[in-house]
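First comes the structure, then the notes that go with it.
Labels run A, B and C following the written order; every chain starts at residue 1.
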Amino acid sequence: MSADTRVRPALKLSGVTKSFGPIEVLKHLDLEIASGERHAVIGPNGAGKSTLFNLISGIFAPSSGEISLNGRSIGGMAPEQINRAGLARSFQITNIFHRLSVFENLRIGVLARFGVRYGLFRPISGMRRINEETEKVLAQVGLESRGHDLAGDLTYSEQRALEIGMTLTTGADVILLDEPTAGMSREETAEAVELIRAVTVGKTLLMVEHDMSVVFSLCDRVSVLVYGSILATDTPQGVSANHAVQEAYLGQEAA
Amino acid sequence: MMSFRSVLLLATLLALLLAVPPLLDLAWQNALVNVLIASLFALAFNLLVGQAGLLSFGHAAYFGVGAFAALHLMIAIEDGLAFPTPLVPLAGAVVGLVVGLVAGFFATKRSGVYFALVTLAIAELIHALAPRLEGLFGGESGIGSMRMPFAGIVFGSTIEVYYLTLGWVLFCGLGLYLYTLTPFGRLTLALRDNEQRVRFLGYDAHSSKVIVFAISGMVSGVAGSLLAISNETANYSLFATDVSAQVVLQTFVGGSTVFFGPVIGAAIFALFSFLVSDLTRSWVFYQGLIFVLVMLYAPTGIGGAIQHHIRHRRQLDWPALAAPYAAMLFGGLLVAAGIVFATEMVAVMFGEDYARTREAAGGALIPFELFGATWSPTGPSTYLIPLVLLGAGIAILVKVRRRIDAVWAARGEQGSKTQTLATTGGIQ
Amino acid sequence: MEFAIISTLNGVTYGLLLFMVSAGLTLIFGMMGVLNFAHASFYMLGAYVAYAISPIIGFWAALVIAPLFVGLVGMGVERYLLPRVHKHGHAHELLLTFGLALIIEELIKLFFGDFPVNYQMPAELRFSAFTIFGTDYPFYRLFIGGVAVVMFTTLWLLLTRTRTGIVVRAAERLPHMAEALGHNIPLVFMFVFGTGAALAGLAGAVAGAFYPTNPNMGIELGVIVFVVVVVGGLGSLKGSLLASLLIGLFSSFAVGLDWSLASLLSLVGLGD
């Protein structure tokens, strides 16, 4: 294990299996993400990356095995419980509130962080700390000038930035990003990488990413997922030098 | 947030609501009570439909239990319970809330058309059970009570009932408006847009929907109890499908995407049914027709159309619009006249009275009276008039629509985006 | 024993009738995601049209013409009205058909009055099929069930043995793929909607001559049919057949035993 063993891992999967009927999508998977680490999961289509994210974030319960977040078992919990335990995720397909303003999109998450989830007896406009915090996130993702526009009116890359912003709002310290740069141009990707780097300072990041240049410039370690098993976990350089990985995955690109 | 102008508008409306009714006759006062009750019911319904995106087809259930709760409390007051009559709607609120919590717990487990079906089924169940539960709902004939005096007010006259109703409707309406300004109000909108994301932001979506449902049930219960206070009686027909249907029609014709939209629909329908129900038996038919036309041509309803115009008032070339809008109004009136003529003609010719007179005349197609004139069933003008009215009206509408579209298209690019968003508003 | 046999027969024929209506509803929902609120109105329309034209063209011809007419109305709704609200989502489609149901009901009241009409089966069908435990069992009940069975056999053969049927089933599973393969899916949808409506119309034309024909028959059957399709799992034909039979049997036994939810409630003290 190259990870620092003195520190408790932020996210730990041990022996996690997920099967849908007779099909085992994830097979006895072990994965440890250290606190503060930026970690990428790569792998060919159908390797089980989305299933992995859906297990960690609570869409599915694992068939067997243990998932723990900051030492606390979260396997089989509902998404909202996992979120409150300190994990937030973004989605591959933009998943925002289209008919609310950009500001409102972010404020919903900030409200959850400050524990006023179901506040019914005070106007929202008077909640200064919440509104300031929302402004802060809005600035972090570079959407200050778009705060009052409807989220559905944003451009694609702006919506992706909002998507990332929403995962930040609940104050989770473990962030899961599902292909944050998918469908972006080269410049947009570069901007998104800088954004992700900036907003995940002091947090733990686990991301699914296809663009190897993004992985190289952003991540400390990479896990290669092939047919539901982890083939290797190493630094980006180590992984790209790994023969088994080259054969199974990178081979196609290197050729 | 409200602008100064809308505050002024509301203040004027409030002054009219306070000052005018004493000058009206009893029938009008009663009609206004019904308008107020329908408005509150529609607002409560729209909290669920317009804001949370959950289309209920069984809101009569919560309206009805509110009415019966109020009557039971009124009976207890008659029997000597010391409870202030003006606070009787609290009974409706409590019972509406509790029934809403239970029903909402089950109904909100599903969404979309499933939710609509479950709410329909719950209301139908209560409707089927109510006449058999003598103790609670008084069987087929229902239950009744009297309004008891309180603090010198006897609640004997309609105007007293009117002011009591107005007070409660304003109080609840304001409450529902303030609701939209709270964190939970915003969460309600978020639930409509994307329930899944709400869960990933740490919210329990199901509990949240149950709470919205229960609040809607509570205010519906208040509306129901106001009706009970006004009528001093209620029976199981309050749970019937047409009560649920009415609030759907009113809300969507008025506009579910605008907070006050349902009030417009409720006021128009309640007033019209007061004005025309003596004149025609086809009022429900016209309502259905209006509803379908609104769904087809103005899915955001009257309120949505008004809001759309207000939002673009600065970009629009109003002088250029004036003439086509006037023509559209004229064409609309022609179509309406044609439809009403044809409908009333059918109503007469297929009615029982006409069948009896024909029988007396040996089966001949004898002339009939309609709109103060005599029409012959065999005369061509009888059929030509509605056809010409309809044809001319539709021709004008089709023609004028292109011109209106052109004027709208001429306004800035920015507008079109918000329009598509506004018109896709509503339900999941 | 007598009660059980008669109730079972009644339940099965009523269940088959329910399935004639719910089959179209569930097929349309499965393919297009449209929950057609006006579907039971098509049933009522079938009964009234058959009632209106059978004195002129005879009962048997009316059994053919009424469903065709209702089918055309259904096609018109699918072709000209539903596309207008489609972009606003399924809830708006539901609302539109809800409005149509209201209009159809009111139109029927306008033309035929707000009371039951005297729609009767022809004399040649008015005989008892057999006598069981001293009770004459009406042939017409068996006739209703028979019409339903013939319809389903035809429909099933059409769906499984013809090219069109295969396209319909493909369109149900993967509409975009079927369209990409060059099939005219909008036409298929219109056809299916029309067939579903015609089936409901046929059910109305047949059943209206036995059960009361009145302006409430649509909403009354509609509620039961909605229960059927929900219990059967929306969109599943087999499920709705099973649910139709189940609810048909349940209601015929419940009527026979005078068993009801209310009496059950009174057992636990909620009644009077």
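Here is the rule we go by: contacts are C-beta pairs under 8 Å (C-beta built on N, C-alpha and C of every residue); 3 or more make two chains touch, one makes a residue touch a chain.
All figures in this text were calculated on a predicted structure; none of them were measured in a lab.
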Relative to chain C, chain with the most remote C-alpha centre: A
Innermost chain by mean C-alpha position: B
Centre distance in Å when chain A and chain C are each reduced to the mean of their C-alpha atoms: 50
Approximate Å spacing (C-alpha centroids) for the pair chain A, chain B: 45
Centre distance in Å when chain B and chain C are each reduced to the mean of their C-alpha atoms: 30
Overlap residues in chain B, where contacts from two or more other chains coincide: 424
In the complex with chain B, residue positions of chain C that touch it: 29, 35, 81, 84-85, 87-92, 94-96, 98-100, 102-103, 106-107, 109-113, 219, 223, 226-227, 230, 234, 260-263, 265-266, 270-272
Complex interface listing, chain A residues touching chain B: 57, 78-80, 83-84, 88-89, 91, 95-100, 104, 107-109, 111-113, 116-125, 127, 150, 152-153, 166, 169-170
Chain C-facing residues of chain B, complex: 55, 57, 112-114, 116-118, 120-121, 124-125, 128-129, 132-135, 241, 245, 248-249, 252, 281-282, 284-285, 287-289, 291-292, 295-296, 299, 343, 346-347, 350-352, 423-424, 426-428
For the chain B and chain A complex, residues of the former touching the latter: 1, 178-179, 181-187, 189-190, 192-194, 196-205, 208, 211, 417-418, 421, 424-425
